[in-house]
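Shared between the two complexes below is chain A, which has chain B as its partner in the first and chain C in the second.
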Partner chain A sequence: MTDAPVVASGTGPLKVERASDRGSVLSWVGMPIFLAVVFTGTYLWVQSQELGGVEQRVLTRAQLTSRTIQHLELTAVSTLIVILIAIPLGVLLTRPFARSLVPVVLAVANIGQGIPSLGLLAIIFVAFGQLGFTPVVLGLVAYSTLPILRNTMVGLQQVDPSLIKASRGMGMSSLAILLRVELPLAVPVMIAGIRTALIINVGTATLATFFGAGGLGYIVYNGITLNRTTVLITGVVLVSGLALVVDYLAGVVGRLLAPRGL
Partner chain B sequence: MNRRFLAMTGAAAVITSLAACGGGDGGGSDTEGILEGASITVGSKDFDEQLILGHISRLALENAGADVTDEINTGGTDVARAALTSGNIDTYWEYNGTAWISFFQEEDPIPDRIEQYEVVRDRDLEENQLHWLEPAQFNNTYALAYQADAAEDLGSPESLSDLADIIANDPDLATLCVESEFSARNDGLPGMEEAYGYEFPAGNVTELDTAIVYSATADRNPCNFGEVFTSDGRVSALDLVVLEDDLGFFPLYNPSPVFTDEVYSEYGEQLDEIFNPIAEALTQEAMTELNERVSVDLEQPQDVAEDWMSENGFI
Partner chain C sequence: MTTSERPMIELVELTKTFPGQRKPAVDKLSMSIERGEIVVFVGPSGCGKTTSMELINRLIEPSSGHIIIDGEDVTNGDPDELRRRIGYVIQETGLLPHRTIAQNIGTVPKLLGWDKARISARVDELLGMVGMDPQVYRDRYPKELSGGQRQRVGVARAMAADPPVMLMDEPFGAIDPITRDRLQNEFLRLQAEIQKTIIFVTHDIDEAIKMGDRIAVLREQSHIAQFDTPEKILSEPADDYVADFIGAGASLKRLNLSRIRDVEMTTDTPTGLLSEETAALRQRLLESDWTAMLLLDEQRRPRRWVTIGDLRREGRSLDTVGLPAHAVVEGHSTLADALNELIESNGGVAVVVDAKGAYQGIVDLETIMVAVRAMREEHSAFYLAQKQQPEDAAR
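Our next item is the complex of A and B:
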C-alpha cells in the first residue's frame, strides 16, 4: 500500500456487470424465480406448522412488514450516505494532488471494517450515548465505506491512461475527462462495490435490534433465544432473501448504467 | 456495557488453580473427600451470575476431592445446554423457566414454583437423562423498574398496577425498554399486559440488548421503565426502583445444578449431599449481593464465590 498508484491489491471486485450481459434471459429472470420459490416455500412451510404463542406473536403480517421496512430503511439510508461520502472521496483520492492521503484514508476505512460489527455498534453507542436509528446508521456507514471507496478508486485507476491522454489531446478539461471518460468507464467496478456494501448492510442491520432500531434481527434473535425454529428460519430467509433482492436490483441498475461498447 | 465487558474479560483471563485438598485438618466441610477419584467438567453460561454459580460448583466439587475441569463461561444458553447434552460438560446451573419455555417450548408457566421445578426435573430426566438437583432459594425472574430520580415525574409508582394510571393519563411517560424475547414470551410483556389490563402505547416499547436495558433505564434514555432481572446486581447499583408484581403474574424461576446421567448415576448421593445445603443457602439477598460484587464492584467471580463458600463453611 506504500506505492501510491497501486491501490487495487486484494480488493477483487466481486462481480462486474458488462453491457454484453444484457441479452441473457436467464440472468434476468433466474434470481426472481429462485426468490419466489424460496419465499413461497417458506410461507407454505410456516403455514403448515403448529404455531405457539411466540410464533403467533412474532410472525404476524404486521410484525413481519414493519420489521422488513425498518430493515430496508436502515440499509437504504446507510448505503445512500456511504455512496455520498465514498464516491466523491474515491474521486478525490485518485487525483494526483491527493496521492499522499491515500494510505491514511484507506487505513481509517480499513479500521472501520476491521472492527467486529457488534463491537463497532457498541462503541458508537457508548461514544454517543444514544440509541435507535441514527447511531445504528452511523455504524453501518463506518462498516461499509471501504468497499465503495476502494472500488471507486480501483475503477478510476483501471481506466486506460491512453484514453485519458487522447481525451486531453482532444482538448477536454480535467473535469470533462472525469465526467465523460473516467467515471463512465469506472461505473461497473463502482456498482460492484455498492452491491458489496448493500449486502454488508443488510447483514449487519440484523444487529440493530440490540440497539433499539428494530429490523429483522428481532425475528432472528427471538428464534435463537427462545429456540423457536420456525421463527428463526423465517427470519433468516427474510434477511438473506432481502440481501439477494437488493443485490439483484443493484445489478439491474448496474447493467443499465454500464457504458455501451464495453 | 463497559463494566460488563471488563468483568467478562477479567473472568475469561483467569487461570484456575486446581486446589488439591489433601490435609483434612483445615476445618472444612464434612463433604471433604467424598468425591475422591471422580472427574467432573463444570460449565456455565456467560453472564455474571452464571460465572459465580459455576465457580461455586467448581469449589464444592474440588473440596469433595473431585478432579474438576473448568469450562466455566461456556457460552450462551443454547451453547451451555448443547455442551451438557453432548457430554462436553457434566454440569451447569440452569433456570427451570428457561428449560420450560425454551428447551421444552412450552408457552405458559406453572404458577407454583415447586411444581414448576418438579415438572421440569421429571421431564428432563425422562427425555434427556439429565438430573436436576434441588433448586436454589433465590429466583431470577422478570420485573419492571425505573430510576429512583424519576420517581417524582412518574408519580412514584409502587406496583405494576400503578402503571395503569400513567398509561391512561400520561402515555408519553409510559416508555419501556425490554429485551426482544421479553416482548415475545407469554410469561413476558404480552402476558403481563393481559394480566394487568393495560397496554403500553404502540411505539413506546424499545427492544434492546439485555445489558443496555439497564443503562437505558438508569439514564431514562430512551425509556422511563425497563425490564430487569430480580437478582441482578445492577438493580441496586444503578439505583433502580423495582415495581411490585402485585398480581403475582411473573413466575418464579429458580436455578438448579443440572448433571449428566454419566456423573449422577455414579455419584448422585454425594452430589445431593454437597449441593442441597448450597442451594438452601443461596437466598435472594445472598445472590443479589454476590452479583453486585461482580457486576458493580468488578471483583473476580471466582474470588466472590470462594469468599461466600468459605464464609458459609462449605469449603
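Our next item is the complex of A and C:
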C-alpha cells in the first residue's frame, strides 16, 4: 500500500483510511462533538426566534423527522444499488478477459458523472415520465456509480502483482486469490469510493424535492421561496449535518473493515 | 529403476512461444535434475531463465514439451494442485501484508486441508529452522519485519508442506550484500539437512557459483550454453559466451571454491619457540635455506617472523624483534581468504593454523598459483616440480 491519495476521476483526491489511524482519539470524537455543538446551537437558536405561520407549519417534529427519513432512504437505497452494481462490475473489469470493455464502461460511467446533477435528474424524469422515489433513485445511482466503480478497479489494480504471482505459485485458485488476497487488500480504496458515493448521494438527494421524492431539500426550498431565514438555515444545517454524520459513520466502518497489517 | 536413481525433475524439449511473437522465449529446453541437488539457472536479463522456471510450476503454460517430476508427467492436469507440491520463493517475497507470519507460512498446508494444530506446530518448527523465534514472530505482520527476515519467512513458507522440489527466483536479489551472504550461508546449511531438489534462478554468477551443485548457463531462448559443476564451468568454459559471462575474474572466483586444507601447504619453514636459546634458533635458520623463521609461543601459536639479523641482536626479548606474524587463516578458509590475508601480510605468506590456533604450515602465492593451475588441469605435476622455495618469505 502506498500513502499516495487515490484519485477517482471527477471527485478529487480521496483520503484512504489506514489501519494505523485507529489509535487517534481526536479523530474518533472530534466530529461527534462538533456535530453535537452545531445541532444544539441551531435548535436553541430556532427556539429563541419568533416563529410565524410558515415556520410553525414546516419546522414541526413530524415534518423534520419524515423529511430526514426520506432523505436517508434515498441515499441508502441508491448507494446500496450502486454498491451492488459497481463492485461486481469493477471486479469483472479487472479480470484479464474483460480488459477490452474497460474504456466503454468507464465512458458510460463518466457520462453519468459528467452531466450536472439537476440536468441528469431532469433527463431521467423525462425519460421515465413520472415523478417520485424510483426515478430519483435511478438518477442518484447513475450519478454516483463512477466513484465506487473507479475505486474498486484502482483498489484491485494497485495490489502488488508479486503477491498475486506468489499466491498462484503456492497453488491458490483464481477465486481464492480474489477473495483472500485482492479484495481484502483493495478494501481501503473501495471504502473510500463508497464514502464518496454516499456524500454525493446525500448532497444530490436535496434535489429530490423537485421531482416529488421529498427529502430535506423540501425544507431548504421552502425557506428560499417563502423567504424564511429560520427555515432555510434549519434545512441547510440538517442537510450538511447529515452529510457529515454519514461521512463520519462511513469512515468508522472503513477503519473497522480495513485489513490489519497494511 | 529405483526411486533414488530416477531424476527428480526432467524437462523434455520444453518450449514456450508467447502469442504474437515469432521466436520462442524458451526453445526446446531439456534437462535432468537429480534428487537433492541445487541447479542454478544463470544468464543475462532476457535469456528466459525466469520463464523457464515458471514453466516448471506452470505459472506459464508450456506451448510444447513435457515436465516430469519424480517420474510423473505433470504437463497436463490441475496446475493449482501441482503448485502445492512445489515450493516457490520469489525476490519480492510475496508475503501477504494483511496476514500474520504464521498465516503466511501456513498458506499451503491450509490449502492442503491440514488441521489447525498440525499447521501451528509446523509453523513453529519452520520458524525455528530459519532462525526466527516463533514466540516473537508468529503473530507479527510482514511490514514489521526487516528485509532479511521477510525473505527467511518466504523460504519457510515455501517449505511449509515439505515439498520435494523448490523453485527460487532470485530469492536473495533484493537484499543488502552482507545480509545476502548470511542468508546464502544459512540456506546452504539448511539444504544440507533438508536435501530438497532446488532450481535457483539468478543473474549473478558469483551467487551461482556459491549456491549451485550444478550451474546451467543460459543464452537467449534458454538455450543451454553449458550445464556443469561450478568448478568445471570456471576452469573449462564451453565457449566464449560462457567465458564472457563468467567475466575476467574467473581465476579469482575459482579461489572461492577451494579450501586451504585441499591444497599443499608449505610445512618445511623453520620454526622455533620463543623460549629457546637465540643461538640454537640462529643455528637452525642458518642450516635451512630460508632467510626467516617463524617463532611460536608455548601453545605453538605463531608470534614473530625473525631474520638472521634479528637473531644476532643480543639482549632483546624475542617477543619484540622481527615482524609480528599476522595473516592467520584456518584449514576451512578458502584460497580467496588466504590470498587476501597474504596480500595484507608483512611477508607475503599466510600462516595456517588449526582450530586452536596452533601452527600448521604456510600458504604463499606459489601455493595458490599451483592450486589454480591444478584446477585448470594444466600439468599440475609440472608446476609442483617447478615450485621453488620462497626465499624471500620474510622480507
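List of remarks:
Rule of thumb we're sticking to: the second predicted complex is superposed on the first by the 249 of 262 C-alpha atoms of A that agree within 3 Å, B and C clash if a C-alpha of one lies under 4 Å from a C-alpha of the other, contacts with A are read in each partner's own complex, and residues count from 1 in each chain.
As a working rule, a contact is a pair of C-beta atoms (placed from the backbone, for glycine too) under 8 Å apart; a residue touches a chain by one contact, two chains touch by 3 or more.
Since this is a predicted model, take the numbers as computed values, not measurements.
Bringing the complexes onto one copy of chain A puts chain B beside chain C with no clash. In the superposition on chain A, contact of A:Tyr143 is made with neither chain B nor chain C.
By the touch criterion defined above, A:Leu185 reaches chain C but does not reach chain B.
Contacts of A:Val58 after superposition on the shared chain: chain B is touched, whereas chain C is not. By the touch criterion defined above, A:Leu131 lies against chain B but remains apart from chain C after alignment on the C-alpha atoms of chain A. In the superposition on chain A, A:Ala166 makes contact with chain C only, not with chain B.
By the touch criterion stated above, A:Phe211 is placed in contact with chain B alone, chain C being left untouched. The superposed arrangement places chain B and chain C with a least CA-CA distance of 51 Å. Against chain A, in their complex, chain B makes its touches with residues 1-2, 77-78, 101-103, 105, 107-108, 177, 180-181, 184-186, 190, 206-209, 212, 216, 219, 221-222. Remark: chain A residues 52-54, 57-58, 122, 125-126, 129-132, 209-212, 214, 218, 221-222, 224-228 touch chain B in the complex.
Chain C contributes residues 57, 59, 80-85, 88, 90-100, 107-108, 111, 141-143, 157, 167 to its touches with chain A in the complex. On chain A, the positions that touch chain C within their shared complex are 1, 160, 162-163, 165-173, 176, 181, 184-185, 259-262.
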